[in-house]
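Order of writing sets the labels: A, B, C and D. Residues in every chain begin at 1.
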Amino acid sequence: MAEAPGMNRRALLSGGLRGLGLLGIGTATGALATRDKRDDEVWQIDPDACIQCGLCATECVLEISAVKTVHSHGMCGYCELCTGYFEPDPVNLDEGAENQLCPTGAIERTYIEHPYYEYRIKPDLCVGCGKCVKGCNMFGNGSLYLQVNHDRCVDCNRCAIATACPAEAFRLVPRSEPYLLRGKEEA
Amino acid sequence: MSDPEVRSALRVAVHRIAIVAGVFCAVLAGLLWHNGIQLHRADESFRLVDSEKLVGLKQQLAADPGDADLKDRIRTLDQDLRLEYFRRQSFATRGGFTLLGGGLAFIVALHLARHLRGPRVPVFSAKPEDRMRSAQVAAKAVGGTLIVLTGLTAAMVGGRTRQWQAAPAVGGDLPEPAPTVNEAWWPEPEEWAAQWPCFRGPGGMGVATVDKLPAGWNGETGEGILWKTAIPLPGENSPVVWEDRIYLSGATEDERAIYGIDATTGRILWSAPVSTPQGSRFDPPAVMEETGFAAPTAVTDGRRVIAIFANGEIVGVGTDGSPLWARHLGEADNLYGHANSLAMWRDLVIVVYDRGGAEDGLSRILALDAATGETRWSTDRPVPASWVSPMVIEHEGQPQILTAANPWIIAYDPADGSELWKVKAMSGDVAPSPAYHDGVAYFTNTGACLIAVKVDGRGDVTDSHVLWKRDEDDYPDICSLLCDGPRVYTVVYGRLFAYDAQSGDQVWEHDLEDDFQASPVLVNGRLWLLTMEGETIIGDVDAEGFHEVARHPLGEEIGATPAFGPGRIYLRGREHLYAIGGDEG
Amino acid sequence: MAEQRSEPDSGRRRLLRATLWGGGLAGLGALGGIGVKRLTQDPPAPKRPPLGPEFTYDVSRFQTSDPGLIQWRELSRFPSGLERPRNLCTTPGGHILVCGDDGIRRFDADGRELGFSPIQGRVHAVAVLPDESLLAGLPDQVQVIAPDGKVRAVWELEDVLPTSIAVADSRIFLADAHARVIRVLDLEGRPLQTIGQRDPDKGIEGFVVPSPYFCVRAAPDGLLRIANPGKHTIEAWTTDGDLELAWGRASFAIDGFCGCCNPVSFALLPDGGYVTGEKGLPRVKTYDECGAFTGIVAGTESFPEYVQATQAGTPEAASAGIYVVVDAAGRVLILDAIGGTVRIMVRKEDGDG
Amino acid sequence: MRILLLLALLALPALGIERFPPPDFSGGHQIPETVVPASQARTQAWIDVAALSLGLLLASWISLRLRSRKGLVILSLVALAYFGFWRRGCVCAIGSVQNVALGLADPGYAVPLAVIAFFSLPLLTALIWGRSFCAGVCPHGAIQDLVLVRPLKVPHWLDQPLRLLPWIYLTLAVLLAATGGMFLICKYDPFVGIFRMGGPRTMLLVGGVLLVLSMFVGRPYCRWLCPYGALLGLLSRVSRFRPSVTPDHCSQCRLCENACPYGAIHLPTRTPTAPADDRDARLRTLSLLVLVPLAAVLFGWLGGKVGLVSVAWHPTGELAGQVAMADAGTLPEPAPDEITAWRQSGADRTSLNTAVAVLEERSLTLGRILGAIFGVAAALHLIRVAFPRPTADYETDAADCVSCARCFSSCPYERQRLGLPTDIPGGSHV
């Protein structure tokens, strides 16, 4: 095949541009890769910033949100009348559906001793609406709060809930410590 | 495989598989879509499938807590809803996998069918020479797209306002302040007239029109009071109102502040503390207790609020309380405390700053730029300290600032501060503010006179333009004049006088036996008089006299003239600001 | 052959192609339209898929109170001047003391500030000794501040969170929310006894204090009144540690104590009745000496900042109380820990005074 | 234990929740610990990077050396299964553009190493072997490629303008990502919902529609939307090696003419012996000199405007807008949660205004730069379309070819090489 006169020039130009491209990618990669903070990060909710708007239940890319209520038992008052468990002004202080706050029945209430009751979250049933959290924060001491459960979280590059979160309560935390738990000291 | 008949039969089979798989996928996708709608509703809200019913039943139970049957129904429904919810959730998950499998089968079958049909016959639609032609067409298309795109984007971007900057960006928080702030800007006359921007309302006339006046109020029982807010610092100044904001100031010997109050809730939205380095150099001025440190009423034009204090500090703040400018006009020298309220003409703040004695040469009138506080003009006044608030009127196209002091009544041109006309008539410590109606301005002061001056003169018009003058009665020492057209009213030591506006003859007098400090106002044609004890006396006035209609107590002393907003009355008591209004709506 | 095969194809193919192109272009157009609409929307509408009613915690029906029950009016209010106010008390001289994270501020009866004692740490409670010294309750210690403002003594107490202090009969009663007992000290800080320790033999169940709100008052009748917030009661105890009587019920209704632990604070009126302060649904109410509800001093609607904070569910809200005291003139003083102000409330009928 | 608790009490920030001991249970009840599920292993990221590297090498080898469509189909299936359905579409090279943009613009943001690898490795590969990432590694490409059963030819005049879209998308995505606004590509990814089998229903619908379209139109997302594809195409134009239709030499039999479903095979413009047209080359140079700077300036200006407008899509800008509306009283009640949260956090207007001002400044500058870059890219595209490089043979387009290996089997020399029968029906030109 006859060599066109432009072919050499073309190859040279192509080679030069290729070198430029390599240089560009290399510079960008190098600049980014040499940053100090190297730990892998995951999304988590700062419970102190959360305002329980309910978007965690609706904005997650998963059908049932990865955000669920977490209970710091060490902070809990073990109240008989738990405002995170009972509807405001419950008819009776028993486990009947008419008294329960949680729409999916995800809180389990067990009697410990008079007058203390223990409350546990069943993660399978929790959908992360934050209703109990609001009840607990409004009247109680905030031992219930929302967290991204990392067995379910798919680690989206930019968390869809974080994008929607009005309180900007989502932030990146190291994968080695993926939760922002309250009252950890007591445990 | 090579046998064409087998091949053809296989093809048909595979085709059918593809059709079945395709239909299956389509149906399943539809079901999943429907399921998703059931889970999330068409409005994208997140709820159990039939939650309203459950919530309704719970409410019913709250009303009748003993109904065991109702409890059972709630429990059953609750369980049904939960089961339904999680059933649908798991259907969504399992359905997703099934759809994936179905889709896979569909695609595989289609590929197989194509493969069984054998390679397609190449159709050589294009000829080599077509390439250049198609390239030209494509280039035109690309170019055209780019042009259309540019135009569309430019149109889209150009039409948008940067709405996040609609916030009053005053105070230089933004490097690029909204351009309107520094430009000459002022509200249209009808905008002024619709607000209560300064002492005694639009034009300083003391005339208000309020729709939906409340039937009455009582500050002690709370009747008719929409809200009541404690004002942290005391002040005799009246509130000014612009749309849904109320502004007023308060001060003590060493603290000064302007407040922005939400007209709906009465919440103090912001409080802008006032302090200038110059102001703090001087000792606090000596003032009379009744005057206080914040007697002059502020002004606002809806974008900025300007207030002056007894120590000579004058500041402008944005409607969000952000500081715009602050100045000190020189140490006050005033027997009772500075009390001349501010006025505004266009974007100028009119300040009468009379100090000391006539021979001290300290008194002047200034016009400050409302946006920057810079002095636009300043004119010396040959008068001692006075307490009259300036009033801006317009007569035959000529705006005038009316002022009164001992002994000169002077009208200035607000454009440049030049004197238009003056009358030598006053004496004593002049305090009541003037009234104006149809080319005639009325001035008064206790121990001096009540005088009507035609405002179309120029120069010293003492001998030429005085319509009438009388000096035989008692005249007010604080309460401003009010003119409703036919009559001019004065409030003197608990008595109300009416004079004929054209002749100056006294028409009648009415004894009220109350003390007054606030200026009378005319509301929807009725005269309102506010006693020091906080009672508002409302009456009709005609040629015959004053016919009292109602008295509404506030339960708190009143020294300030009321302000008005749409359907609202704002009364400033000694400690609180009250909003009075009829039913909301 | 090529012509033959392509002939029957072409009609179908053309149709298919036309359909696809039409559909594709329409889809693109629709997408573009949506995009343009989104871009030109001014302002971008906030899109919030709302939670259904059963997923929303709603107490709005309890947030307004019957105006007919409001028997008090606000005389005035003044800012506490503290970053994080936590409690208040009155002195025999008629002054008002407000304590918090910066220290103790002293105001006169009208709310004019008179002085400030800075204290490092969170002052949860403040009280006045007979000699006019102040007691400041901090986690694990009580500071005694002489009238001249100097710290006279610091009593170290292990594991004590004093949330309220009462002084009577030369004894100091310290409500310890940590151990959930009342600690009795002498005037020098020496422990004398504890009241309310769980004792099944004596039938004492102990106080249920799920959060740091635990209020004690010394009544003129010689008994102590102690709030048992977890049980929603106010109890009368002898100073020797015997429970005499208790009243109160849990309810969001106006005559009960709402939430999981209320009242967080209470005070005794000159007529023997009670004023109670509740958190969560901020409200201040009065009860007669038998515990029957008599009226409202300030309803939930009069604490807008507090309600806003609890609506947002922030931790500040979860740990902010509504504290009440009654001064010598019978006025009720309310400290709203979120609004940061002290309100002076008087009865409506004797309002003019 | 007590001491520990005490220390914890003292160490707390003043505003935090009051730490408070739980009740002492006389029955000796043990308070359960708060259980939270563990996070995925960190090694996962490295497995991903290894799989990516291996995939890239394999794809390059299969497409350039093995020249096997079957091999690529298998590789695509594996990639789709692993990166798509198993890893659920995240981490992904397309989205990594945004992380890199944000990382370059914001020194405080550390891009995870795996994401850097996902950004740079396919680009490097493109420089050497062309777009083998698209051919066999990218799950987005694979899912579209695999469902393509009946390709229709998209006319050149439609295909070429549409190929501007990826550049627009890329420009907007980088602008929004670099200012910290949002990750546009992730938010509006059509296929990730399918990989996760869930997500916003509108995006699932878009994904479904695109998939159905992909059955008839080759890789619509890759060609007309994919922002990363724009970068890959740019780099592969100067790649060292790239697929050629024929393994030998082109006899211009035209058999490959319709083999490419992506419109990436160019017809020859002249006979092998005819000399190149100098006039065209001159025109081309001239338009390069005129058009490129002009477009850079025009779109730079326009980009600045778009940058300013984009502030409204930024959370900060949105909040500031809502605050402004609240001030103006035009905000519909009830107030959005943003306003509630902002008021709750102290409602600091000054810092909000400052943040918006800084954001505006950055968006303006960045918008201008990106606009200019877009202008250059668009002008180059236009010139390339208007003045096709004169070729004598059937050639793959340097930028648009995704190395799918479909065309190889249509070349009689390739069939000869593989020892297959060359008598293709209708192949009368051989």
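Just so it is clear, a contact is a pair of C-beta atoms (placed from the backbone, for glycine too) under 8 Å apart; a residue touches a chain by one contact, two chains touch by 3 or more.
A quick note: this is a predicted structure, and the numbers were derived from the prediction, not measured.
K.L.:
Among the chains, which is located farthest from subunit D on the basis of C-alpha centroids?
P.N.:
C
K.L.:
Which of the two pairs, B-D or A-C, is linked by more C-beta contacts?
P.N.:
B-D
K.L.:
Let me have the rounded angstrom distance from the C-alpha centre of subunit B over to the C-alpha centre of subunit D, please.
P.N.:
Going by mean C-alpha positions, subunit B sits 48 Å from subunit D.
K.L.:
What whole-number Å value describes the gap between the mean CA coordinates of subunit A and subunit C?
P.N.:
Those two chain centres are 29 Å apart.
K.L.:
Averaging over Cα atoms per chain, report the distance between subunit B and subunit C in Å.
P.N.:
33
K.L.:
Per the centroid of Cα atoms for each chain, what is the distance between subunit C and subunit D, given in Å?
P.N.:
Distance between chain centres: 51 Å.
K.L.:
What are the residues of subunit C that contact at least two other chains?
P.N.:
1-2, 39, 42-43, 48-52, 54-55, 208, 210-211, 311-312, 314-315, 318-319
K.L.:
Using the touch definition from the top, which residues of subunit D touch two or more other chains?
P.N.:
Touching at least two other chains: 16-18, 20-21, 23, 26, 197-198, 309, 312, 318, 321, 325, 336-338, 340-341, 344, 425-426.
K.L.:
Multi-chain contacts only, two chains or more: what residues does subunit B have there?
P.N.:
Where subunit B meets two or more other chains at a single residue, that happens at 40, 44, 46, 48, 51, 92-93, 121, 123, 156, 160, 163.
K.L.:
So that we know how the chains sit together, what is the shape of their touch graph: line, ring, star, complete or other?
P.N.:
Its topology is that of a complete graph.
K.L.:
Using the touch definition from the top, list the residues of subunit A that touch subunit B in their complex.
P.N.:
Interface residues on subunit A, with respect to subunit B: 54, 57-58, 63-64, 87, 89, 91-92, 96-98, 100, 103-105, 125, 129.
K.L.:
Which stretch or stretches of subunit C touch subunit B in the complex?
P.N.:
Contacts found on subunit C: 1-2, 5-6, 36, 39-40, 42-43, 49-55, 73-74, 76-79, 304, 348, 351-352.
K.L.:
In the complex formed with subunit A, which residues of subunit D make contact?
P.N.:
4-5, 7-8, 16-23, 25-27, 29, 31-34, 36-40, 42, 45, 88, 90-92, 95-96, 98-100, 103-104, 107, 110-116, 119-120, 123-124, 127, 182-183, 186-187, 192-193, 196-200, 235, 237-240, 249, 272, 276, 315, 336-338, 340-341, 344-345
K.L.:
For a test of understanding, state which residues of subunit B touch subunit A in their complex under the given definition.
P.N.:
Going by the criterion above, the answer is residues 40, 44, 46, 48, 51, 57-58, 61-62, 65, 70-71, 74-75, 78-79, 81-82, 85-86, 89, 92-93.
K.L.:
Spell out the residues on subunit C that touch subunit A in their complex, using ranges where they run on.
P.N.:
The touching residues are 48-52, 54-59, 62, 205, 208-211, 230-232, 250-253, 258-262, 279-281, 310-315, 317-319.
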